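Here come two complexes built around subunit A, the first alongside subunit B, the second alongside subunit C.
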Partner chain A sequence: MNQRHDHFPEGADFNASLRNRYRVATIWQTIFLSALLIAIIALTALLYNVVDGAFGFIAYEYKDDPAEFTSTPVNELTKDELLVILKENLSSGAYNKLENEQPMQERSQADLLTLFLERLVRIDTKGTWSMTDSLLRGDEIRVEVAEKYPDAILEFRSWLTPQFLTTPMSSKAEFAGVRTAILGSLWMVGLAILFALPIGTGAAIYLQEYAPKGWLTSIIQTNINNLAGVPSIVYGMLGLAVFVRTLEAFTSGSMFGVTDSNGRTVLSAGLTMGILVLPLIIINAQEAIKAVPDSLRQAAYGVGATRWQTIWHHVLPNALPGILTGSILAISRALGETAPLIVVGASTFISIDPDGPFSKFTALPIQIYQWTTRAQSEFHAIAASAIIVLLILLLTLNATAILLRNRYQRKY
Partner chain B sequence: MQNTRTYAIESNDLSIHYGTFTAVRGVNLKIERQKITAIIGPSGCGKSTLLRSFNRMNDFVPGCYATGELLLQGQNLYSKDIDPVEVRRKIGMVFQKPNPFPKSIYENIAWGARINGFKGKMDDLVEQSLRSAALWEEVKDKLQESAYALSGGQQQRLCIARTIAIQPEIILMDEPASALDPISTLRIEELMQELKKNYTILIVTHNMQQAARASDYTAMMMIDDQRAGGVIEFDETKSIFTRPKDKRTEDYVTGRFG
Partner chain C sequence: MKEEVLNIKATETQSFRQFDLKKKTRIGESVIQALLFFAGILSVLTTVAIVYELGKEAMLFFGNPDVTFAKFFGETKWQPGIGQYGIWALVSATLTTSAIAISISLPLGLAAAIYLSEYASPKARGILKPVLEILAGIPTVVYGYFALLFVTPILQNIFGDNIQVYNMLSAGLVMGIMILPLISSMSEDALSAVPRSLREAAYAMGATKLESSLQVVLPAALSGIGAALILGISRAVGETMIVAVASGAGPNFSFNPLEAAETMTGHIARISGGDLSYNSIDYTSLFAIALMLFLVTLVLNLISQYIVNRFRERYE
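Showing the complex of A and B:
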């Protein structure tokens, strides 16, 4: 008698059971594949939606015929011609104001053309169409525009242009840009990192290298982890109460002699964002410090190093790439946050670049939010363009983080 | 003739505790100068714990503390007014796995000397230390290259050179050859014979042949019924391996146990 085979299926039974096992495996594999497909579809839809809005037909009329100002066709005007036209037709007050912002002679032909179209000819947008509509229903749109607005010019344009990046905010979508918002975002993120990186790294070093392991340390640790998940609007409330109101003398700059500002400055926003990303930076720095192997610390102690020498010469340099990677991820988090900025009081319409920590400011997400809530469709188009700008900024930052990590990754 | 012998380091009733658990109990060892003393015993008997207590590396283990005395030139290394950093400056350590700094070969030697305030010519110190560790000829042309480019055996000799560079009185070695191949192991053992002309060496080893080959004195450790390790026999290596007094030592060195 052979007991070995008593409890296992044999022959046909075995084949049936094997087929059944493969069938279950196939079902699960299909489920996982569909999960992946759903994720890809969602991401593609998001990207498509953004790109769809940023390009397309626009139909506009000139309120004043360009021919009244010059005999040259609009798109053949030279810089000198434009200078003359602007000088002759703008009121002297308006002209001097522009001259004070930036001397007219130093402006580019494209800038001057924008001024000409914005101030003198005055474009009146009759309608905009998404990229898909423009490509698929081009003929219908042409017929429709020709019927409704016989004088209108219909052209396919990209709302995302180099000029879009370099011009400040304007009340006319056709001439609005994101320069003010980009500069505001950069100021805010810069101040946030300046504040959060040293404090976060310091806290991480203390927690990882000095703090005695005990109930107090684990409570602090748990709370830091929880803080990383607190809704950002709560940080906004904190920033409003502490930075905008309580510390107004500091954040408005009045204690440094700045008089024309209240607490709703880019400094308040930067500090609020700094607090918001602080847990992120601490956790990332702790992970980076933890990844430095103990054998390295022991080697340093073994040759008579003090704890601080060990940390300064060995732990920190080896943890630095990880700490930097964490900071970049924190920066991209801060760039995309909107809610705290609304609470802290970012300006929704501002065309003056921030030039210091006590400036009023706006930021990219605020600008996007503000444009999407406008009724006119051309504002939705520039909102889509601003989203593309923000996404490119974020992707660049994340790519930098990955490159840094790969470049400095060490094997011990 | 001297009637009082001075030992390199001496322990009196030294015990090491982890919280309420006693890991090593009542060790009395008198370590001879310029000799190699091996600590042997089965796994988990506290050999490494004891060795690490000699330069207070156990201070970094949470809850770990020592009782009793550890005397270096008559001074108790565990007394309150002794700084552990000073202890480690005088008693160097080579670890089980080679752990050079992720820096250049030169910097691996120079760093320890520099942080300890070395004022002499660094180039000379680096060369001399590498020569003492029998590594100079192999690395003299690539001092600025990363220490990680070296083989395991070379890395371990670099770690020994790094220890020598701060001119300690005693060198502790925690199974220094267990991660190396037989040829590299042999080189480390030859190096130890050279080093004992100037230094006192304490080595923990799992390898009984190594203890028999390389050491002058051997301490045999074993755990008691409360799982605390202790030295059950300490004598010249020859005696331990040929005429052990303790039955447990005999069983262990002849391979009947452990």
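Showing the complex of A and C:
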């Protein structure tokens, strides 16, 4: 391709060289396309890997035989029977603690069954297998388990269940859920948006509508673009220094009379995340405001509106869909960020729902990180399930953003 | 709104009066403008706060009589608790993983960009671009899971016992996949910005599509691609979760991709995740690392932006 000819080839030479050039061109086109195919393969492998981990065989034993507690088979126990069993066999301290968290009478049969299996029978997981292994090598696994653990029960289990969404954290993977993590994520994102959306929109309005062209404006603009590229963990360090330490009285709630916490609250995390997504919101809002045609502003000025009246009644309503799309994208960014939360101090083990800005918290990505780095394979299975939950959440958000954009996109 | 309508009606009934054309001071308007200005300036304050807070703690770290710049930049063991302050133990892993990531994402991203901008039909673009957008939207902790539980086992099959469970290769490869969409979308923008006339001139001279793409369009877009590359490096250096999950816990001065080693970001994540007492050397040292990270990425981002802006001036 790079050959330099001393003289231009003619006749048969020309045809031969042309053929060669076309051949090279086709080869390279295939190479370019294969880069995209690699991306598709990687994406498929990633999604497959996650789904593969969330379903599959589990082999477990009961540490204590259920028959010691009741003569009814485990699957047929009713709520009343379970209540009696739990009351009789749990130590009174443990029973009262559970009663305090939620009165036993109000708990569902599934909840009680989980407690029975978790506290009394005590499931002991011997091994888990991925979906592919379970489907393709099912018989081998059965033989293997029968040899190694003659007492073990082998089941095909979906780790992603409705119960997984509604149960709090547990130290046993079989009983752990993401309820606390989802609520923590929602609190954190809610606070972040509450903080970042008004300020981000305000900054965008200032830059697009008010700011005079000059060095100050160009510094602000360059700075915003740069902030968008700062590694998220640096924001985490900023949050640790400012929100967790310096403003501890505020973020722990001690200035409002909350006594039982330190600065590592969901409020600190929300503010940190708010600062992180601020540039994203500003840049998107700026684009949205830029897209509102000048004729609308001129018309408003023409009938005597002031600057703010023009912005409030004409520019903002027209830019609103764009601003909302930007905020949804910011929300999905905040939902997936992990590093700043680790630094700001999300709790890694907590089973109490967050109930206000001053509570301790955990978040979905934190749980995924925590479970992925555990050695036991059953934790990888719940990590995969949590990833599916997170990805579905993000997919829904992004789809909403795209719909919103298409629905309200106006061409002037 | 209603009041304004009423006001207009009210004035209509009055006799015509001379308009006062002098500019009125409207306090409400000024207050709003001041608030908006404050919102705008807050982003600058964020940067100032980052520099100040990181700088303050980093000063405490360097103020420690035991810590010298010679040790910090000259030694290769990092264990602030016992007096070892060689940042190279962490920088080596950051360099290794970033280099692997870039050597994956640059060729792939560039090839993808050339295909999307020069070859793909609108229909093909409609299918292929969303794939890249989805890749760009996946949280990095999910990439971490993928690296540790999918890529690492495959690498273990290939390299056998030579490779450690936690290794820089796996983290670097997956990081490359993560950065690919960034590089390809920025490069594609740069390629599309090259005027059509250049391509048509090349075709008129008898060039094939490949020759026009590689020898005419690509050189014209080179600065934009350079900007993409630099931003990609900055992203790789600052990436945390993939390396925190897959590349290992514990500083290790090594450039061998098959070994476990901890990057700057991974180290911050691991240490700050544990119980950390304020004012300890471990705590302040994290801010020294973070400050370095911030400065390096800042410089890279500024260069990238400068290149993009210059590039834009040339064609618009």
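Going forward, the second predicted complex is superposed on the first by the 381 of 412 C-alpha atoms of A that agree within 3 Å, B and C clash if a C-alpha of one lies under 4 Å from a C-alpha of the other, contacts with A are read in each partner's own complex, and residues count from 1 in each chain.
Everything below uses one rule, namely that a contact is a pair of C-beta atoms (placed from the backbone, for glycine too) under 8 Å apart; a residue touches a chain by one contact, two chains touch by 3 or more.
Just so it is clear, the model here is predicted, and its values are computed rather than measured.
By the document's definition of touching, of the two partners only subunit C reaches A:Thr338; subunit B does not.
When the two complexes are overlaid on their common chain A, residue A:Trp215 makes contact with neither subunit B nor subunit C. When subunit A is checked against subunit B and against subunit C, the one touching more of its residues turns out to be C. Once the two complexes are laid over each other on the shared chain, residue contacts for A:Phe8 go to neither subunit B nor subunit C.
By the document's definition of touching, both partners, subunit B and subunit C, reach A:Thr306. By the touch criterion stated above, A:His314 is placed in contact with subunit B alone, subunit C being left untouched. Residues 306, 313 of subunit A contact both subunit B in one complex and subunit C in the other. For subunit A in complex with subunit C, the residues that touch the partner chain are 1, 21-22, 24-25, 28-29, 31-36, 38-40, 42-43, 45-46, 49-50, 53, 198-203, 205-207, 210-211, 219-220, 222-227, 229-238, 240-242, 245, 275, 278-279, 282, 306-308, 313, 332, 335-339, 342-343, 345, 348, 365, 368-369, 372-373, 380, 383-384, 387, 390-391, 394, 398. The touching residues of subunit A, counted against subunit B in their complex, run 212-213, 293, 295-306, 309, 313-314, 318, 410-412.
Against subunit A, the residues of subunit B that register as touching in their complex are 55, 57, 60, 62, 85-86, 88-89, 92-95, 97, 99-102, 111-112, 115-116, 148, 159, 162-163, 165-166. Subunit C contributes residues 1, 26, 28-29, 32-33, 35-44, 46-47, 49-50, 53-54, 56-57, 107-112, 114-116, 119, 128, 131-132, 134-135, 137-146, 148-150, 177, 180-181, 208-211, 214, 231, 234-235, 237-241, 244-245, 265, 268-269, 272-273, 278, 286-287, 290, 293-294, 297-298, 301-302, 305 to its touches with subunit A in the complex.
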